[in-house]
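The following pair of complexes shares a single chain, chain A, combined with chain B in the former and chain C in the latter.
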Partner chain A sequence: MDCVVTGGNVKVLAKAIHSLSRIGDELYLEPEDDGLALRSVNSSRSAYACFLFSPLFFSRYVVCIPLVSCVLTPVLLQCVQAVFRSLSSLDKTVEKCHIELVGEKSRLTFTLHCKHGLMKTHNLSFQDSESLQAVFDKDSCSNVLRAQPRLLVDTVLHFPPALEEVSLSVSGERVLFRNYVEEEPERAKAMLTELSLSSDEFEHFAVGAESSITFCLKELRGLLVFAESTGLPVSVHFDLPGSPVVLSVTDSVLEVNFVLATLSDDLNLPRSPPPADDFLNDDIDSYLIAMDTSELPGPSNAPAQRSNHRLEAQSPVANHRLESEEAEEEETGDTERPPNKKFRSLFFGSVCPTDSQLTNQTATSQEVLASDSEDDAQAASP
Partner chain B sequence: MLLSTHSQTVDDNYVLVASLDNVRNLSNILKAITFKDHAIFNATPNGLKVTVEDSKCLQANAFIQAEIFQEFTIKEDSVGFQINLTVLLDCLTIFGGSTVAGVTTALRMCYNGYGYPLTLFLEEGGVVTVCKINTQEPEEPIDFEFCSTNVTNKVILQSESLKEAFSELDMTSEVLQITMSPSQPYFRLSTFGNSGNAHYDYPKDSDMMELFQCSKTQTNRYRMSLLKPSTKALALSCKVSVRTDSRGFLSLQYLVRNDDGQICFVEYYCCPDEEAEEEY
Partner chain C sequence: MKFRAKIIDVGCLNHFTRVVNTISKLTKTCILRLTPGNLYFVLSGKIASGGVSMWCELSQANFFDEYQLEGVAPEANEICLEVTPENLSRALRTAQNAKCVKIKLTKKHCPCLTFAAELPTLSSVSRVVTHDIPVDVIPRRLWHDFKEPSVPDFDVSIYLPPLKTMKNVVDRMKNLSNFLVIEANLNGEMNLKIETDLVSVTTHFKDLGNPPWGDDGSQGRSHSRDPELMAQTRVDIRKLQQFLMGQQVNPSKAMCNIVHKRIIHLILLHEDVSLQYFIPAVA
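This part shows the complex of A and B:
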């Protein structure tokens, strides 16, 4: 792949990379016929983001067959972020950015043409990878809201930065945002915040079925930061609890989709019994979710306390057939897990445990090894 | 005022007396070469030269001309001593180095000669601090034998653009490779880090390039760890000259303007890294 980004679009690309790096610590760079896709997924597979830049975004876009996907491991991603650091001055200093992906040499090159004739060239060696795609069909969602990013930014402003999950409810002509507090004892002591927006604050308000979904606020904020900088409206597509919510931002040259898992139904009731889960001891592997949604989770030996977390399988959609999950499943244990990824039991696909390997894996085989009992996730239905 | 009346009676004993109304005109420059504890001071009627060396491969010199000082009296042709630079800087900034407008710390630096400590009188707002720092036998600074006649390539750049490049340098690279050539890429900084290599190219006709005199294509590598301290000098400077000689030795000269707009110089000399010479 060979493409050139000019002017203000360099900053947009840089913001996309920064947004994605907040989702997961690996970035998938996938040149396709219909554009360049940048994708990422978080370690618990409960949040996925995809930025698809159409060929028109670029002043030059050439894709070579066979298509090559590359994954930027955390180290490489840091390098790429360093290439695009100092966002504020990027549009003043960088005139043109040339990105070249040479499959045969596993080389990814960023060349930035800057002011004063300065040219910065970064040559990185990447790893081949399978494509990362999630199965979702936002067009089939019964509820669709669309608003200017400012509205949503102002809304989430009222929630504390540390808040993990937020609930969004629609009914009739109103949209309610509430902070999500699970455990019974906490509910009595916690401050509950609720914001109500009327349907006329939205550019588009289509509610097919009254619903209340709960999802991770951090990822929503991540998208809003990007949306605000572009000034494009944000669409929210969702269905029933348990089905993923799709947040998207689109314009003629760019399509951004954030797919977030939502808490499944039984947990959404205000007085559901507390899950009493101790995530510090959980085996990370149990939470790994494959993108292949046709598989339903099998029984597992995961701690019994997670019994009330149910895995929901999204009904597969023919035109978004999922590729098998990518090679690296590098979670090696909760000791490496960053504390803020504790939000629990949000799934949007079935669990298909894979072999845990460290990030240096270069194999492109997509063999899903038979899971040993420790890796299976709990699937007990309530 | 306070300082001069205090020391008037003992002036005769000093071989070197230097005074500054604003101690920052000395301390800021010294900060640009503080990467080792010890520094060699050499004072001549022309001014003060402070030298810091690292593993016989790197040498940094700060020059503060006599004209910078409000008073600079020297009784010998050359006065030299070695001193702990970290301690000296701590003393020079003992009043906290505040940048409140109109408030400066005054300095009077006195040296009695061989074997005597360096005495510092610092005054701010009527408060006087006296510091005496032990001195040692000065070592002879390394002579890198870098002379202008041997210079093969020279460029002078505005520091602004180099600052950007240096702040982005891949620190996982053990070396910094500098290529200077009369043809493409003209002036190139390269790093070879964990995930790949990076190049920063400055064309000869860039408006950041004030002087471009390259006669021969040369590529040399220098240990990143040795050059890293030079970024402090770069940060202070407005212009930098980069020269390499026929042996590949590197000379970086930084033009620094102090608080009063006066010019001082800092220079770094660095040996090329001999280990690996393959081109990328």
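This part shows the complex of A and C:
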């Protein structure tokens, strides 16, 4: 393959490489008839990204048959990143970038033609590889949203940088983003953030039925960085929990697709919005009385909650593995936990008969009221 | 027990956010006392915080457009919560251009302070971001731990030099020593001193002025006190640095009361917020 990228497109290519390096530590460079594809996948095979540059993106694009693709191992990827390191100076100094892939010699060469006649040549040796392809069909997704990147950037701003997973729920005329808290010990004390957007704010809002998906925020941020710099709208295609979500950015010379796995057992089902200005949720008093006069739930509840969720979560990643991979455990898999305990979902207060307190202050706590004994050992202490 | 409040004015919102940011830099957790007239952020000196204690008082009317409180009981019309100020800070951070911010005490999976901010958008419907911040309700029998501290019987009271200058000095001294001596006298002179085996460094401040306290014992004592005589206290330099690092706005008044070899009492007064910080002496 032999191609030349000129002018501002060099920066676009550089940004694509940076974006991909945030997904996985290997980059697949695959020249094809319909353009040059740069692809990456993460180690747990739960996130895949593909940047397809059409021949029009280049001032010159020639592929040789047979098609040869190369995989840039982490070390090589770092070298390539170093070539395109300083984005701001790329603009100012690089006039064009010549990329040559010579299959027989396993050679990949980047030549940057810079101002003042300066040329920087980088030679890399690579290994042949099978190509990386993911199987997904975004056109068959029942839910499609499209928005300017600015909207999504503003949305993720509200969530802490360290947040792993975010839940996206759509219902009726609203789109909700919520942080997703998985670990039971943290869940009781975690700060929950929810952002509600009206469908008006989206350029395109086609929602089949109410649904909610949870996926990794980090990868979304990676795409948004790229999208914001190009100013192109971001489309979000998704279905049921468990099916991957496809985020894409498209224009005439470039198609970007990020395919992310979603959790299949999503506890963040859409719920009706809380009434705006009253105290239906504020029944602190009976909560306090319940705490003072009855047992606090023991730790036995906690692990059960996690176990059920965990085991379910194992399967979607298994279901939606991409091709050319081997089965991999979700990194925090707790397969040893017994799945047969009943529990209640903290969000919905669906009360299990054996449970009593915290979520529902109805009949149970009213009865307990009568005994109002200040039991020091039980009372809530900070 | 009910609490709901609303901030509409962007200036009030920014000001309140700055106060919360300052508190979040001073301590990881603290007590929030809500009374009909005021809010207090309190840290009572315990071993865990290294003996440091803090009392920050805000007059609610200066911040909130609406403020409704129903305390635990009619005769104890107040609410006492343990909060993590960093969470409050985070909730307020992205709401700085909100049309309005509502704060409510709610019960979700546990007692929470819910912050709901209505953000402006181009479309007809606003964007709403809600943060549910878990808090612990402090029962009445523990409230005595969180009462307003009394002003100690100090030996010298002096106005502080500009906090930024002090911070620069303390930052550099921290590289040399873990302990710092603060001393001041009634002549408006203050010294910050560190001493190690290899080096000793002293920064002298002059003409700072001494605040006139009312007719109380300390004033009486100060009349007979030699104005040149320094009262000094040796403190852990990191605690002083932490206090100075948190200050985002210049206060209208900043002073320090020194109890010789016992404790320093720092007081910052802004228009509608007062902050008191106690740092005990180390041997």
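In the analysis below, the second predicted complex is superposed on the first by the 262 of 382 C-alpha atoms of A that agree within 3 Å, B and C clash if a C-alpha of one lies under 4 Å from a C-alpha of the other, contacts with A are read in each partner's own complex, and residues count from 1 in each chain.
Everything that follows uses one rule, which is that contacts are C-beta pairs under 8 Å (C-beta built on N, C-alpha and C of every residue); 3 or more make two chains touch, one makes a residue touch a chain.
On a predicted model such as this, the values are computed, not experimentally measured, just so you know.
Touch check for A:V75: first (chain B), second (chain C), both, or neither?
first
Is A:R85 in contact with chain B, with chain C, with both, or with neither (first, second, both, neither)?
first
If you tally the residues of chain A touched by each partner, is the higher count for chain B or for chain C?
Counting contacted residues of chain A, the larger count belongs to C.
Could you tell me if A:N123 is touching chain B, chain C, both of them or neither one (first, second, both, neither)?
first
Looking at A:L197 after the superposition, I want to know if it touches chain B, chain C, both of them or none. Which is it: first, second, both, neither?
A:L197 contacts chain C only, not chain B.
List the residues on chain C that touch chain A in their complex, please.
By the definition above, chain C touches chain A via 1-2, 4, 31, 82, 87, 90-91, 94, 104-111, 114, 121-134, 136-139, 142.
Considering only the defined contacts, which chain A positions touch chain B in the complex?
75-76, 79, 82, 85, 93, 107-108, 116-125
Considering only the defined contacts, which chain A positions touch chain C in the complex?
Going by the criterion above, the answer is residues 157-158, 160, 187-198, 200-201, 279, 281-285, 287-288, 292, 346-347, 358-359, 361, 379-382.
With touch defined as at the start, can you tell me which chain B residues reach chain A in the complex?
161, 164-165, 168, 170, 193-203, 205-208
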